[in-house]
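Two complexes are shown next, each including chain A; its partner changes from chain B in the first to chain C in the second.
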Partner chain A sequence: MRVRGHPVLGEPPRGREVTIYLDGRPLSAREGEPVAAALFASGIRIAHYTGSGEPRGPFCMIGRCTECRMLLEGRGMVLTCLTPVEEGMRLRTPGGGKA
Partner chain B sequence: MSPDIPGEGDLWRSSWEAAVDGAVAVVDCREEIPCNPCEEACPTGAIRVGPDICAAPRFDPQACNGCGRCVALCPGMAVFLLDRREKSGFARVTVPYEMGERPVEGEEVQVVDGEGKALTGGKILKIRALGGGAPTLLVTVRVPESVALKVRGVRYRLMERDGFREVDKLPSLADYPLCRCEDVPLERVRDILRTGLKSLPSLRRASRVGLGYCQGMFCQSSLRQELAEATGREGEEIGSFRVRPPVRPVKLGFLGGGNA
Partner chain C sequence: MNLHEESRPLVVVGAGPAGLCAAMEAAGAGLPPLVLDEGSQGGGQLVKQIHRFFGSREHGAGKRGFEIAVELVSGCLEGGAEIRLGHRVLGFFRDGRLLVDGGEGVFLLRPGATILATGAVERSFPFPGWTLPGVMGAGAAQTLVNLHGVLPGKRALMVGAGNVGLIVAYQLLQAGMEVAGVIEVSRRVGGYLVHAERLRREGVPLFLRHRVVAAEGGKEVESVLVEDMETGALKRFLVDTLCLAVGMAPQAELAAMRGCRLVHVPELGGFLPWHDREMRTDHPGVYVAGDLAGVEEASVAMDEGRLAGLAAARDAGVLDPGKAAARMREIGARLELLRGGPFGEPRRRAKERLCSLPGSARGREDGDRVRRKGRLKKR
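So, the complex of A and B:
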């Protein structure tokens, strides 16, 4: 889901449509939007799992809470709310037996 | 000047007193978050955050002209205007409004506190937009002075349309994750406190609260509060985790000039 016609923010800027990969699965995203926003738009809300297997997802959206962290190939752990989408990014969901 | 300031008024005594002459900002921003649009919004320098962007804003009501730019531009909706010039037991409160449905001047609305709880009814006196990149509407309502400092918003028509839904069951407090990064429930912290541990650094090491990715930015205040309650001490005696720049977690490679 993307928010359209927000009463304060208006229309979101439209970046070029690109493909990113989450745990190997291709997803469409807009270049330049935050990775967290692109994942939300594809219905993905879980960024990682804690040690005890609890799911965690973006919370503060300003790079403070670190709940949105994911593994980005070539860069290690990143805060997805602050990381702009680039063509071909490969993300992994840490924890949950996946990484 | 009224010596009785309702509610948490003491925090905002200077705004409360200045408001007898007209609209003045009340800044309800207490968390130390990396944020300063209020400072940039203010044409008179009445609100200052300063070079440490995480500092809570300082406010000088004498310098404030009541323009409301800070109200419109604070992303946390943490500023409102108070105007007590009527001196009739009623005050005018101006709050930011960002919902889709546009309110109408002259209407009666419900005013709500910071938790969304209804306080009372109030009449909308004025609605304005500042323009210039600040689409947030400023809604001025007239309310009894006794609740004026508690008002944080207006609930427009929602009551008639949807009715109220109560949350029937909150998860138990014991399971509440006090530290989300390291996955530490509140009850675990209390268990450790029962062993008699008294200092913040040792509590941090024993519980791992504050040692995760957020480096204590989210959990530190909760941990300090638990320690204060368990030991009957004040926050100042407890101290805090050592704060080191940068504000956000940054990779060592980046600090070393690499690309991270």
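So, the complex of A and C:
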């Protein structure tokens, strides 16, 4: 979910609406926002599964905890909290069965 | 391997309030800095602070954090500093060189002097379910709502009634989330009462002497089990988000890699590089400032940054020692004020203890003893 009509910030400036793909599924995102934020906006909080199959999601949002890591086609494993959204980027949930 | 290498008179690691103020001060004194930060915006954690700051004019009182961030960045650039964002410092070698990942490959920097202003990282603690998606640092939730305009979930429970927990709980409400409550293990609110009062007015209950037993859910947080520590009674909160505001730890990795002596100071967040009152570590040419030098507030970070910038410029021989001393006295007096009052006093005493440990060879032995004992000896 996105914040609407914030009492202090109003309507935050957002980038152009683009489409990204998560495990092949199209999602709406805003250009330039961190991938992790775009996923939260779509209600997706699982970034990857551990070797033993436990789900993990973003914990720190500033590039330290590495829990938000996902596979970005053409780039390999990335920290989604620091990776800006680009039109058409294809992400995969490592350990999610489709990776 | 032959890596590209650049020489710089001064490199500042971290473009938060401490790093930017250090850079501005050094630039003003004639030592042009290169500032590196792994984020995509300068200002560090100020960029997500939407409440108005207390303090004095020098600390941007009355302004909101993100406004101060913009001012600091433009002040740096106007002063002649170069800021490179999206640059992550991976290593700080014993020979003084830095290994930097600029996104399109790594390179080396050979700084004349280095100011580390790497900040702090949120602490966590283990409990069943602590790795479930939906459990996150309070600062992470704050980053999501205030910086990215995205909600981490629908309904949150906050752990910790210090300033971070209270402020972020209120900001989650402002952003449109429900907040089921704030729980706190101690008997009293740790943060300013003005923040607690705001939450009470919004009908958010505060549960003192309560602790998290478990975060529950199949693949994400669906509920949180909490225990009343007085009666042993259990409560279950139906929330999808559990925010932890249980303190910060200095990010001392780079300082440790360089070989700087680390000291454990519980009041300031744990292990941090030893430094003197001018923010000099035990390694000549290596300075620290901000939360890395002890977790305090942004206002303190700004002034410590200024001290580090002045010390670096003076030690490099570009700033007259008399001028540096005068300006440092002025800043030192402000820091005393910032550390006054019941919240600042323990930090002021801890800093005093830390700075008075000698930085000489004998001091280094002291440091080793301190490290073995695991905490700074009380005087």
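In this text, the second predicted complex is superposed on the first by the 91 of 99 C-alpha atoms of A that agree within 3 Å, B and C clash if a C-alpha of one lies under 4 Å from a C-alpha of the other, contacts with A are read in each partner's own complex, and residues count from 1 in each chain.
Basically, a contact is a pair of C-beta atoms (placed from the backbone, for glycine too) under 8 Å apart; a residue touches a chain by one contact, two chains touch by 3 or more.
Here the structure is a predicted model, which is why all the values come from computation and not from measurement.
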Exercise for review: Tell me which partner A:R75 touches in the superposition: chain B (first), chain C (second), both or neither.
Suggested key: first
Exercise for review: Using the touch criterion from the header, give the chain among chain B and chain C with more contacted residues in chain A.
Suggested key: C
Point to revise | Which superposed partner A:I62 touches (first chain B, second chain C, both, neither) | key: both
Check your understanding: Taking the superposition as given, does A:I46 touch the first partner, chain B, the second, chain C, both, or neither?
Key -> second
Practice item. Quick one: classify A:P84 as touching chain B (first), chain C (second), both or neither. Key: second
**Study point:** Which of chain B and chain C A:A37 touches, first, second, both or neither
**Key:** second
Practice item. Applying the touch criterion given at the start, work out whether A:M1 contacts chain B, chain C, both or neither, answering first, second, both or neither. Key: second
Review point. For A:E17, is the partner it touches chain B (first), chain C (second), both, or none of the two (neither)?
Key: neither
Study note, to complete from the structure: Going through chain A, the residues touched by chain B and also by chain C turn out to be 7-9, 54, 56, 62-64, 67, 82
**Study point:** Interface residues, chain A side, partner chain C - complex
**Key:** 1-4, 6-9, 12, 14, 33-34, 37-38, 40-41, 45-47, 54-64, 67, 82, 84
**Study point:** Touch list for chain A against partner chain B, complex
**Key:** 7-10, 50-52, 54, 56, 62-67, 69, 75-77, 79, 82
Review point. Taking the complex as given, what residues does chain B use to touch chain A?
Key: 33-35, 98-100, 135-136, 177, 180-183, 212-214, 217-218, 248-249, 251, 260
Exercise for review: Spell out the residues on chain C that touch chain A in their complex, using ranges where they run on.
Suggested key: 38-40, 45, 50, 64, 88, 121-122, 124, 131-137, 139-140, 143-146, 148-154, 174-176, 219-220, 251
